[in-house]
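Heads up, there are several structures right after this.
Okay, so chain A shows up in both of these, paired with chain B first and chain C after.
What follows is the complex of A and B.
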């Protein structure tokens, strides 16, 4: 996890909020560093994490996690981390005996109906263990990323329904948190992606949006991060807060600074 | 336009059209001023569309309207699809919560748990069932949200159900005289194409579009009264933690970024260390100058006829030691 980002969001592993949906969105840049941040953050906070990783392999996240101070292998052995490696387990859809639906069952269907098997997998992974002892703190669901599901043929409404059910189970019933990543197609008019992004924005409590700089690539400033706190149901006595920072990604950390205040420029 | 406003339910005589400009500490009492907007929004009945966006959310205004309806008597039914019942009821005190009948479509809207608890007929069946009321009086139905229904149901079916709901004589089998039915629907504008939004808009008697600027929320209210022209108003407001409404003036005009038309533009040539201006003589000299590559008639004549004192040109050549001078003309063999 990146301590500077924790300061900006005003959270610490000991004092994380519960029942929140955080939306990560990137436009014209790669926002995956935020996924690594939240993964290591919640592992350090002693939460039970279910990670639906569709984009990269386990070893990729493990290597980055080690730089940030967590060992995914160890967490998986201890039972703290349930890892669905999309790249590897997509093969199991074809070669596994058909006992029960595979989480990625939609890959086999000509018209992918819904993501219910994936939701059942998440629910099974995060349900509290019956022995009554609370070993881990609140459950957390991480998805990297949802736009890939659209590319695989699932409709935007089906993805929204999946997130809805996960929200009902993880955030409301189990009082846990959710972090999902969606790409913003920006100028390319992708209507399904826009429906997904806007629909999720309405449901989210916190939106972290990374954007590339409007002027192009820069060696010292890799992009801009916009933080928007939303309270969908509470009245607007305190207006939704929004902050914008620029950042530079280094080997083991990310440094944030106000716009125009990069150390390279000052 | 003013005439339409004056025909609204008479809450306070005169000045009804000045909402956007009247300071909050006007001649009328503050509480009367606050309830005006909600009263007149609810007075029309039928379908009210609350159009919100990611930046300016509308659920809190929906809850403020629900609170108003609950306090003024009558039943309030809520079809909740987007947030949990606890989250929706948060902020209401207990006597309001007791008057709300909540139909929960958040936990298991698509019946994935297959427990058989799902309400028959789905959300539309639940909406129609809300019409069948047991005691007379106005009924308010709040839909949170219409966007969820639009994404999961065909637009035509939804429009037909809403139309049937908001009509006065819609519910057969009622033993009580039919009262007024109000439907409050929350719609997230960015999720839908203009077609379905336009269809819902045409069904609505009142449309409230939420927006704002510089941290202050505004509601653009469009009222369609029968046999009158539609009226437009913009009202700045703020919702308090107990979901009562506080009307406000708009943001101050000075802080808006308009350039002042009376300030003359600054002349950039006033403080230079060099001279950019031309005197009259200099200007004439400049105009009379012939440019070197400009082809005028004098130049043409000079080229065609060499001048009197102009001899043919001479070439003076000093050969180097390495030069091999051949006196023969290389073009001799040409037959010209």
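What follows is the complex of A and C.
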């Protein structure tokens, strides 16, 4: 996790909030560093994490995780991390017989109706253990990324339904957290993706939006991060709080600074 | 993903004859234990394979695209197991070159090739690969070309923006020819004996596809399904996925897929804006990505994205790929006669570079890149002209 980002968000592994949906969104840039941040953050916070990793392999997250001070292998072995590796199982699922259930069985279907098997996988992974002892703190669901589901034939509404069911179970029932990544297609006018993004924006408590710089590439400033705190369940007249920072990604950390205050410029 | 590219180049414009390349990294082979030089017998899995080099940064195996200049721009090196995905330029002249360089590099390095096309017989594609430049000839050729190129440049110092003048020339010469990355002579064909000595598999769609009447409806277009099965079989049978480890020396599988998405593959993504098989292409790419991720293979795909009506699909394909490079040819465009561009054949846009096993990626600082096909060599240079006009 990135200590500077924790400061900006005013959270620490000891004091993680509960029952929140965090939306990570990237536009014209790669926001995956936020996924690594939250993964390592919640593992360090001793939460039980279910990670639906569709776009990259386990070893990718593991190697970056080690730079950030967590071992995914260890977490998985002791039961703290449930990792669904989409890429590894995709071919097997696709060519498997129709009767065998699998969380990713929508890959087999020409027009997948819903993501119920995936939801049931998540629910099973995060349900409290029966022996009564609370080994881990609150459960966390992490998804990287939801836009990919649209590319695989799942409709935007089905994805929103899946998120809704997960929120009901993970955030409300189990008092856990959810972090999901969605790409913003920007000029590409991906209507389904826009529906998904807008729908999630209204449901989220916290939105972290990374954007490329409007002026183009810069070696010292990799992009801009906009943080938006929301209260979706309360109709409120007061404006949601929002802050904007610029950032630079380094080998093992990310540094944040106010706009125009990059160390390279000062 | 890097922020939007430089001034002047409309990366998303439909008028541009852009071709894009993207690669996706696939490997999950990683080093265990201390980073030794590879002679560890205790558990290290990064074996040394001809034509590859281990990355010190992220424990990946790296292969060359066949164009050392491009290797350098793509974060020094192309990591293995990538989707290398190129849009075709409108007249399909320059991106097939990238395709062929990639395959030729595979032959020279002793990798196994898998060539898939719906348009051309893979055996014919093989015959058209460029010949490698031998070391001493190579140096002579490059010196000649560099000399011819340099003379006009020195006279136009005053017209060059100071920013460009100070930035290093990107032009790469084979200063120290190594076994990683070779140079090719685009005007000559690869020697027949090299082809015969190489191992390759061809997938020519018209031969492989059976009558459409027998096909069950599936979420993938029939052509894609067949290709996927073909690739999976080769990977499994020849042990690129780690099965049969004791059988033989590990090697890389270089896959080249031509014209993916074109109607010749049975896909209508280039024909209409809202197509029935809109997910077929992206699903195929996802499954292929999964295949590549779990095997020692690198993949180059060319795609006629200028024909794809629905731009959202291009965005989705980009997200599924690891590296995306754009080739914008000047042929037939107004830029062809523009004096600023007279020395070049087109522009190169590095649209996306992967962050594999890493938070950062090796982005090149220079984004204004142009390419030209000199008599024999494909070179990439910093675009040395102003991006705003000067009153003369």
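Here is the rule we go by: the second predicted complex is superposed on the first by the 256 of 266 C-alpha atoms of A that agree within 3 Å, B and C clash if a C-alpha of one lies under 4 Å from a C-alpha of the other, contacts with A are read in each partner's own complex, and residues count from 1 in each chain.
Just so we're on the same page, a contact is a pair of C-beta atoms (placed from the backbone, for glycine too) under 8 Å apart; a residue touches a chain by one contact, two chains touch by 3 or more.
What you see is a predicted model; the values in this text were computed from it and never measured.
The superposition on chain A brings chain B alongside chain C with room for both.
Of the two partner chains, chain B is the only one touched by A:195; chain C is not. Within the superposed three-chain model, A:164 lies in touch with chain B and out of touch with chain C [touch as defined at top]. Of the two partners chain B and chain C, it is C that touches the larger number of chain A residues. When the two structures are aligned on the shared chain, A:203 is found in touch with chain B, with no touch to chain C. Once both complexes are placed on a shared chain A, the shortest Cα to Cα gap between chain B and chain C comes to 16 Å.
Applying the stated touch rule to the two superposed structures, the overlap between the chain B and chain C interfaces on chain A comprises residues 191. For chain B in complex with chain A, the touching residues are 54-55, 57, 59-60, 63-64, 82-84, 86-88, 90-91, 106-110, 112, 147, 151-152, 188, 190-191, 193, 215, 217, 238-241, 243. Contacts from chain A toward chain C in the complex involve residues 26, 28-30, 32-33, 36, 55, 57-60, 63-64, 67, 86-91, 94, 107-111, 147-148, 150-153, 183, 185-193, 212-214, 216-219, 222-223, 249-252, 254.
Residues 1-7, 12, 26-28, 30, 58-59, 217-219, 228, 232, 279, 282-283, 286-287, 289-291, 293-294, 311-312, 314-316, 319-320, 355-360, 363, 365, 367 of chain C touch chain A in their complex.
Per the touch definition, chain A reaches chain B in the complex via residues 114, 116, 119, 157, 160-161, 164-165, 168, 172, 191, 194-195, 198-199, 201-203, 230, 232-237, 239-240.
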